[in-house]
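Per-chain numbering from 1; labels A, B, C and D assigned in written order.
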Amino acid sequence: MEFAKPLPNYLVTRYHGWKATSYQENKGWYRRLATEGQRPRAMVISCCDSRVHVTSIFGADQGEFFIHRNIANLVPPYQPDGDHHGTSATVEYAVTALQVSHLIVLGHSQCGGVQGCIDMCKGHAPQLEEKTSFVGRWMDILKPKYQLVQDIEDEEQQARQLERQSVVASLENLMTFPFVDEKVRDGSLSLHGLWTDIGEGGLECYDPKLELFTKV
Amino acid sequence: MEFAKPLPNYLVTRYHGWKATSYQENKGWYRRLATEGQRPRAMVISCCDSRVHVTSIFGADQGEFFIHRNIANLVPPYQPDGDHHGTSATVEYAVTALQVSHLIVLGHSQCGGVQGCIDMCKGHAPQLEEKTSFVGRWMDILKPKYQLVQDIEDEEQQARQLERQSVVASLENLMTFPFVDEKVRDGSLSLHGLWTDIGEGGLECYDPKLELFTKV
Amino acid sequence: MEFAKPLPNYLVTRYHGWKATSYQENKGWYRRLATEGQRPRAMVISCCDSRVHVTSIFGADQGEFFIHRNIANLVPPYQPDGDHHGTSATVEYAVTALQVSHLIVLGHSQCGGVQGCIDMCKGHAPQLEEKTSFVGRWMDILKPKYQLVQDIEDEEQQARQLERQSVVASLENLMTFPFVDEKVRDGSLSLHGLWTDIGEGGLECYDPKLELFTKV
Amino acid sequence: MEFAKPLPNYLVTRYHGWKATSYQENKGWYRRLATEGQRPRAMVISCCDSRVHVTSIFGADQGEFFIHRNIANLVPPYQPDGDHHGTSATVEYAVTALQVSHLIVLGHSQCGGVQGCIDMCKGHAPQLEEKTSFVGRWMDILKPKYQLVQDIEDEEQQARQLERQSVVASLENLMTFPFVDEKVRDGSLSLHGLWTDIGEGGLECYDPKLELFTKV
């Protein structure tokens, strides 16, 4: 494979800096994590977006969060058809193998995936409607929620609301997985829906009784 | 949805701490990231494992890496069949919408997903062979590489080698995506394969000429 | 001393978060605590176990509890021989200098120290019987209570009962301290024995008339 | 034992509040901690002082810190003579059984134990010099450090400095334990010395090269 390249120099330099400092100072813990295995308390499902740093926001230590990141923090419905389902595999591994106690879905403002979904629903993004568009087909998961926001005239507000609905959709879909449903019912697993405002550093949590997000 | 719960207190407390410090100190940058959008230089595809902190290792700033994390850092082959393909959607978005310059696949030692693949190939994990096992069906992506390591007697060595092969498999599969292949050929995109040793803090890079991983 | 290291980064970050929030919001109280001194109502003697959070369970404010934590929440008998007696020093300080009104001994389920005592009494832990084993010699304090549980066949039940007896042993030993005995008799100090179930969040209180623990 | 009393009502009430809220929301994690056992990353040795809240300062989750608290956060020198040594037992358990990666000694301002040591060294506290004084005999551990501060005229400054020296003394004594020394040398354990200012919320870390404490 001739196309794989050496790592860019700036990353090599930073890696060596980390190795000489943070790694050295935490060597005992890193070795123990390696030999004893991980035991994260929570799984976080967030977006790939480079502006979302879940470990920073929560002051996370190495070993604390099992983190899956995909476009728009979406979980598809339970569909055990034998095909590759990357997201479903992460949920299955977290809940049945690692036995995490919390599933946290973290949405965020200015989400490009959610904006793409809106564009597609308004008929402004024909390329996303093509069968071959992976992003389009992935955002299909969120499409049913568009009706909840379609009457919001302000485009900013509409996008912010659909971002929050992407979190609700994932929570609802998580409950279609039998192994999630069972553990939620017996109290050994709890679900949490969050949405963060990147520019303002805000954080909101979904309240199922009020059916809305309130500031943390 | 009655089952969604408030965020555990320790995370609420830590979030407020982040908001009052890191956020305050970087408010200008966060706001600019919100209004101007992200512009990451690289996409990183790593494992969900709680022990892999790609932002730490590379001293990453907010906005630098578009990060996808799934079980065993696997990319499936190009398969535009109209179904939900979460990982393919992240690659499409990174390469065609964000136009990143680097695709970095980061494997790691003590990977539970890779170990599951070995167990399955050896016939020791019948539950992973069931059609309904999302983890099993996801690890099918790596199965063809098992033949390269099946004769390694030492089990530790065998697992470490298959972890490295999970990176090679992903690099190879990335090249089956037309939009990746095209950009690699015209020089606007480069691929990189890495493997990190969690306990020792080591980092190795795939060298396609030698067809092996060498220390960074 | 070349071996002392900087504080791990994740703790530095969290500390700054606390400083900017909790500290700021309570600055007046913290300063008053500093200038006027502490005036705790109660002393709590609990185990070092990371799963026992006495301040959480009792919603404790800063300044409320004088807290001693050791292996298995044990108090040794009064023995004023001029040697270092760390636990006895904490009791003396709490009762004679701070003049607390309550001495609370808090035991807990799944106590590793108590389990070690059982293993030692059954002859399964020769390393704990060595003169140089600090844990073994410390658990000698509890050994006389083993006879009360030795006939319990179920190992779980046996451990849970000896954990409760570790609380009773400490209460009995506290009464051998003249300054405790005197204040208990004149009514200015009262003793309380508690046992908490970590997994179930249960709390039981020792009833000296019934000679057993009842749910709070 | 007629003297043990029911728990004061205000604590009963608070406990039921915790059980109905925090416990309910985190039940899964608490149960897992109970069945799988603790695996704390660090041990903290702090003072019993009611104004020192180590879990608050570091935003600690249940299960993160193994905490020993005694008068003036002192560790006596290694002395395996077969007597009860409560503090040594906690260190032995943390390092050999739990295999923590960090030993953190946390001193603090306005420490009553340290003030007692100063009074004793100045001949102003005859009652602490008696053989039967547990506090006095415990503070003997710190006495050798008094010579480092005896020439400081300002009494406030003198106390603040001896408080910091109580941390250094404990670090030095920790290194006399063979099982600590061995693990520090092989890099699997690191020691950290901290001192916190209660009124100002400050935190300082001991730097062995400079032989002084610097702000975190």
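The working rule: contacts are C-beta pairs under 8 Å (C-beta built on N, C-alpha and C of every residue); 3 or more make two chains touch, one makes a residue touch a chain.
No experiment lies behind these values; they were computed from the predicted model shown.
On a Cα centroid basis, the chain most remote from subunit B in this structure is C.
The interface with the greater number of C-beta contacts, when A-D is set against B-C, is A-D. Its C-alpha atoms superposed on subunit D, subunit B is turned by 120 degrees; the angle is given in steps of 5.
Where the sister copies subunit A and subunit B meet, the same residue numbers recur on both sides for over half of the interface positions.
For C-D, the equivalent interface within A-B, A-C or B-D is the one where over half of the contact pairs agree by residue number, namely A-B. Each chain gets a centre from the mean of its Cα atoms; for subunit A and subunit D, those two points are 40 Å apart.
Look at where the CA atoms of subunit A average out and do the same for subunit B: the two points lie 14 Å apart. Taking the mean of the C-alpha atoms as each chain's centre, subunit B and subunit C sit 45 Å apart. Shared interface positions of subunit D, i.e. residues touching 2 or more other chains, are given as 22, 25-27, 29, 31, 59, 61-64, 102, 190.
Subunit C contributes residues 5-6, 8-10, 13-14, 17 to its touches with subunit A in the complex.
Those residues of subunit D whose C-beta lies close enough to touch subunit C in the complex are 1-8, 11-12, 14-19, 22-23, 27, 30-31, 33-35, 37-38, 40, 43, 48-51, 53, 55-59, 62-71, 74, 76, 80-94, 97-98, 102, 104, 109-110, 112-113, 131-135, 137-141, 168, 171-172, 175, 184, 190-194, 197-201, 203, 205-209, 216. Of all residues in subunit D, those touching subunit B in their complex are 22, 25-26, 29, 59-62.
Contacts from subunit B toward subunit C in the complex involve residues 13-14, 16-18, 20-22, 24.
Residues 25-29, 31-32, 36, 39, 41, 59, 61, 63-64, 99, 101-102, 183, 187-190 of subunit A are the ones touching subunit D in the complex.
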